[in-house]
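Okay, so chain A shows up in both of these, paired with chain B first and chain C after.
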Partner chain A sequence: MRRALAITRNTIREVLRERVVLVLAVFGLAMALGAQALAPLALGEGRKIVIDFGLAGSSILATLLAVFLGSTLLHKELERRTVYAVMAKPIRREEFLLGKFLGLWGTSGLLLAGMTGIVIAAVTLFYATTPWGAVPSLGLTVLELGIVTALVTLFSAFTTPALTAFFALAMVTAGHFAEDLRYFAHQGAAPVVKILCDAVYWMLPHLEVFNIRGLVVHDVAVEPARLLFAAAYGLLYMIGVLALAGAVFRRREFR
Partner chain B sequence: MSRRDLLPLAAGVLLAAACVVAAGFVQAGAGARLGRTETDELLYYPSGYAVRQAALGYETAAADLAWLRAIQYYGEHRITDQKYDMIGHLMNVVTDLDPRFTQPYVFGAFVMAQELRQPERGLELLSRGLRANPDDWELAFQIGFLHYVCTHDYRAAARYFTLAARTPGHAEYVERFAAWTNERAGNADLAILLWKGVVVNGNRYMQDVARRELRRLGAM
Partner chain C sequence: MDDRMTQDSKRPVGRTARRWPGSPTPRLREVEPLAPLALASVSKTYRNPMTLRPFEAVRDVSLSLERGEIFGLLGPNGAGKTTTIKLVLGLARPSSGRIRVDGRDPMDPGSRRRLGYLPENPCFYDHLSALEYLELTGDLFGLPGAVARRRAQVLLDRLGLAGHARKPLRKYSKGMTQRLGLAQALLNEPALLILDEPMSGLDPIGRAEVKQLLREERARGTTILMSSHVLAETESICDRVGILNGGRLLDVGPVPDLLASGVREWEIAADGLPDRLLRDLESAGHRVERVGARFIVRVESPQALQGVLRELCEARVFIHGVEARRRTLEEHFVEVLGRDGGTDR
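Moving on to the complex of A and B:
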C-alpha cells in the first residue's frame, strides 16, 4: 500500500501541474455572477436555482475532469516510457494502477469539494441560509466520481486516450438508462434478450443511487440508510472494476 | 515579450475580435430575416418525460432552466399580445422534471385562471401539485383560493382551506380563511371548530377576531 501511495502522491502532483485549480477560480466567478444575474429572473426561486446549477455544474465539471485527465494519465507514462523506470522497482502493476486511481480520484474529489464549498458559501452569502444538505450530496458525488475514475482506469489499461474517454462517458450515459433498458426488455422480449438485458443492467453503474441533489434543493432530509447503501454499492463497484483493471493491466505488454 | 512577438499576437487578437463581431452581425441578420416566431419555437418544446430522460440525473437543474424559460415566455407575452397559450405545457414540463418544485404549480394555475380565464385548467395543475406534495399546505390553500375567487364554489373552497389548515406548518391566516369560508358554505359547526382552534393557537389580535366570530355564531 505504501508503494501505491507513493504513486498516488506523484499522480496528484502531475494532475495539479495541469493547472486544474483554475477550474475552481472560473467556477467561483461563474457562481457569483450567476447568483446575481439569476435572482431577479427566477421569481423568488433564486436560491433553489443557484443550489441546483451549482451542484449540477460541480458534478459535471468534476466528472469531465476525471474522464479527460484520467484518459491520458497512463498513456503519457507509456509514451514517455517513464513506466519502465517505475516497473523496474519492486512494485506490482496492480499497485501502480491503484496509485494512479487514488491520485486521480483524490484530485478530482478535492476539486469537487472545493466547488461544493463555493456553492455553499455563495448561497450563504447571497441568501443568508446555509444549504447543509449539500454536504451529504458531496459525499455521494465523490463516490460517483470514484466509479467514473475506476472505469477510466479500467479502459486506460488497454486502450487509447480517445477511446478511454469515449467508453467512460458512454458507460456513464448508459448507466442512466439502465432502468429503461430493463423495463423494455421485460415488456414481452424473448427470454434470451431478457437474460442479456438483465446482465447488462447489473453490469452498468447505477449512478442514480448517488443522486440526492433533488432532495437537497428542497431541504428534504436524506435517510442514513440510503447513504450507507450508496456507500456500500459504490465501494463494491469500484473494487470490482479495479480488480478487472488490474487483471487487464497485468497482461498488457509494454512496447 | 519582444516587440516582434507582440505584433503577431496583437494581430491575432484583433482578427479574432473582428470575426466575433462579424459573426454576431450575421446571426442578428439571419434571426431577423428568418423571422422564427415564439410559437413556432415552443411547438417543438419537448415533453417533461423526454427532457427527464435526456437530463442524465440533472432533472432539477433542467427544471430550473425550463422555469426560467417559462417566466421569459410569460414576460414577453405580457408586454405584447397577452396570449399565453403555451403556459400550461411549459409548467407541465417544469413540474414533470421536478414535482417538488411548487412555485410553477401556483404561478401556472393563476396565469391560466386569471389571464386565460380557464380556472379548471389551473385547478387541474394545482391538484397535480397537491398529489405530488400532499404535505404542502400552500397548494391546498391555493386550490381553495381559486375555487373561492374564480369558480365561486364555496363548498370546495372550504374543503381545501380546511385541508390546508390541518396540514402542519401552515400560516396563521389559513385557519381564518377556512373558518370564514366554511361559515359561508353553510358548515357552521366546522366554522365554530376552526374559530376555536384560532382562539387556542392564534395571536392576540386573531384571538379577539375569533371570539367575536364565535359570539356571532352563538358558540360563546
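Moving on to the complex of A and C:
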C-alpha cells in the first residue's frame, strides 16, 4: 500500500503542478458574478438558482476534469516511458494503477470540494443563509466522481486517450439515464431487447443515486439510509471496476 | 543451461526443501548460489495488431550471469537487446522459455527488490526535482524515508548532481538525466544492475566517470548487465559479452576469449624505404602505406614479420617502431554479424 500511496502523492503533485487549480479561480469568479447578476432577475428564487447551478456546475466541471486528466495521465506515462523506470521497481501493476486512481480521485475530489466551498460561501455572502445541505451532496458527488475516475482508469488501461474520454463520457451520460433506458425497453420491446437492456441496466453505474441536489435546493433533509446505500453502492461499484482494470493492466505488455 | 532451476516456477531453487518429522537428516551439501540472472530458451513473439503477422523479437536466448561480473549485451539496432531487458524486468512476458532473476520469476515484484534499472534514453517525471524523484524511488523500494534521503544525497554528490538536486527535471540536460537515471538505479544498493545504453548522452568525462562507477559497483559484488553500441568502451569494461542479432544470441564469452586469435597483424613503421624494397614487399603480398615521409608495412604472420625486419635491416632502413595490432571487439562484432548474413533488420 505504501507503494500505491507513493504513486498517489506523485499523481496529485503532477496534476496540481499543471495549474489545474486555476479552474477554481475561474469558477469562483463565475459564481460571484452569476450570483450578483441573478439577484434582481430571479424573482426571489436567486438563492435556489445559485445553489442549483453552482452544485451542478461544480459536479460537471469536476467530472470533465477527471475524464480529461485521467484519459491522458496513464497514456503520457506510457508514451514518455516514465512508467518503465517505475515498473522496474518492486511494485505490482495493480498497486501502480490504484495509486494513479487514488491520485486522480483525490485531486478531482479536492477541486470539487473547493468549488462546493465557493458555492456555499457565495450563497452565505449574497443571501445571508448557509446551505449546509451542500455538504452531504458534496460527499455523494465525490463518490460519483470515484466511479467516473475508476471507469477512466479502466479504459485508459487498454485504449487511447480519445477513446478513454469517449467511453467514459458515454458511460457517465448513460449512467445518469439508466432508469430511463430500462423504462423504454419495457414499453413493448421484443423479449431479447428487454433482456439486453436489463443486462446493460445492471452494468451501468446508476449515477442518479448520488444526485441529491434537488433536495438541497429546496432545503429538504436527506435520509441517512439513502446516504448509506449510495455510499455502499458507490464503493462496491468502484472496487469492481478497479479489479477489472487491474486484471487488464496486469496482462498489458510494455513495448 | 542453468540446471538449478526447477519445474516449479513459484519456488526458487537452491532453498531448503521441507522435511517431514521422522525423516532422516539430510547430508549437508554445499548448494551452489543462484545465478543473479538466468534465461533458458527464451523467445518473444509480438503480433502486428493490424495484420496479426508474428514478429520474433527474441529467439531461443539462453544466458546465465555470474555474480559480480559485467556482462555486455551487444547488437545492432533492432537486435532484441531492449526486448530481452524488458523480459528480464517483467515489462513483457516471454512467449516461451524461462527467466529467473535471483531465482524468481520476473513477474514477481520481489525479483526487483535488489535490482536497479536504467532505461535507454531515460525520461523521468519532469514536474519533480531530482531529490523528489529519488524520494519517490525510495518509497517504491520500500526504503525508510531517512535512509532514502541519505542515499540520495550521497548518490547525487557522487554523480555530480548535488548542485542541481532541487532543480525541476524539465530543466535537466540529457547528460544530467542520464546521471539521475544511474542514481535512481543505485538507490537500493542493487545486487543486479541492468543498464540500457548507459553511456548514451554522456560526454567523454561523463563516460569515464560512469565506467569508474561501474568498476566500483563490480568491486562491491554487483552483477551488471549492460547493453551498448559503444563497443570500444564495452570492451574496456565488460568481463563477458553476448552478441545479439535478429533476436538470436550468436556468440557469448569472456572478452579475451572472443578476441583469442590475438594479434591480427603487425605494423612496422619505417623511414626512407627504397623503391626496390617497396616493390619487393608489395609483390610479396604485404600492404605498404605511405603516411607523410613514413612507411607503414603491414604483415600478417610472425614468420613474415621476421623476414621483413631482416630485409629492412639489410637495406639499412631506419625502423621507427613495430606494433602488434590485436583484434578489437568491434572487428569481432562485425565478423560475427557478417557470418550471420549481416543485420536482420
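As a working rule, the second predicted complex is superposed on the first by the 255 of 255 C-alpha atoms of A that agree within 3 Å, B and C clash if a C-alpha of one lies under 4 Å from a C-alpha of the other, contacts with A are read in each partner's own complex, and residues count from 1 in each chain.
Assume a residue touches a chain if its C-beta (ideal position, glycine included) is under 8 Å from a C-beta of that chain, and two chains touch if they have at least 3 such contacts.
Since the structure is predicted, the reported quantities are computational estimates derived from the model, not experimental observations.
Three-chain overlay on chain A, with chain B and chain C fitting side by side and no clash. In the superposition on chain A, A:Ala225 makes contact with neither chain B nor chain C. Using the contact criterion defined above for the overlaid structures, shared-chain residue A:Ala128 touches neither chain B nor chain C, since it reaches no partner. Once chain A of one complex is fitted onto chain A of the other, the partner contacts of A:Glu253 are limited to chain C, with no touch recorded for chain B. Residue contacts after overlaying the shared chain place A:Asp180 against chain B, while chain C stays out of touching range. In the superposition on chain A, A:Val86 makes contact with chain C only, not with chain B.
Between the C-alpha centres of chain B and chain C, as viewed from that of chain A, the superposed structures give an angle of 160°, to the nearest 10. Between chain B and chain C the least C-alpha distance in the superposed model amounts to 20 Å. Listing the residues of chain A that touch chain B in their complex gives 38, 41-45, 48-49, 52-53, 55-56, 59-60, 172-173, 176-177, 180, 207-208, 211, 213-214, 217-218, 220. For chain A in complex with chain C, the touching residues are 2-3, 5-6, 9-10, 13-14, 17-18, 80-82, 84-92, 253-255.
Of all the residues in chain C, the ones that touch chain A in their complex are 46, 86, 89-93, 109-113, 115, 117, 119, 121-125, 127-128, 132, 136-137, 139-142, 181, 184, 194. Of all the residues in chain B, the ones that touch chain A in their complex are 53, 56-61, 63-64, 67-68, 71-72, 98, 100-101, 103, 107.
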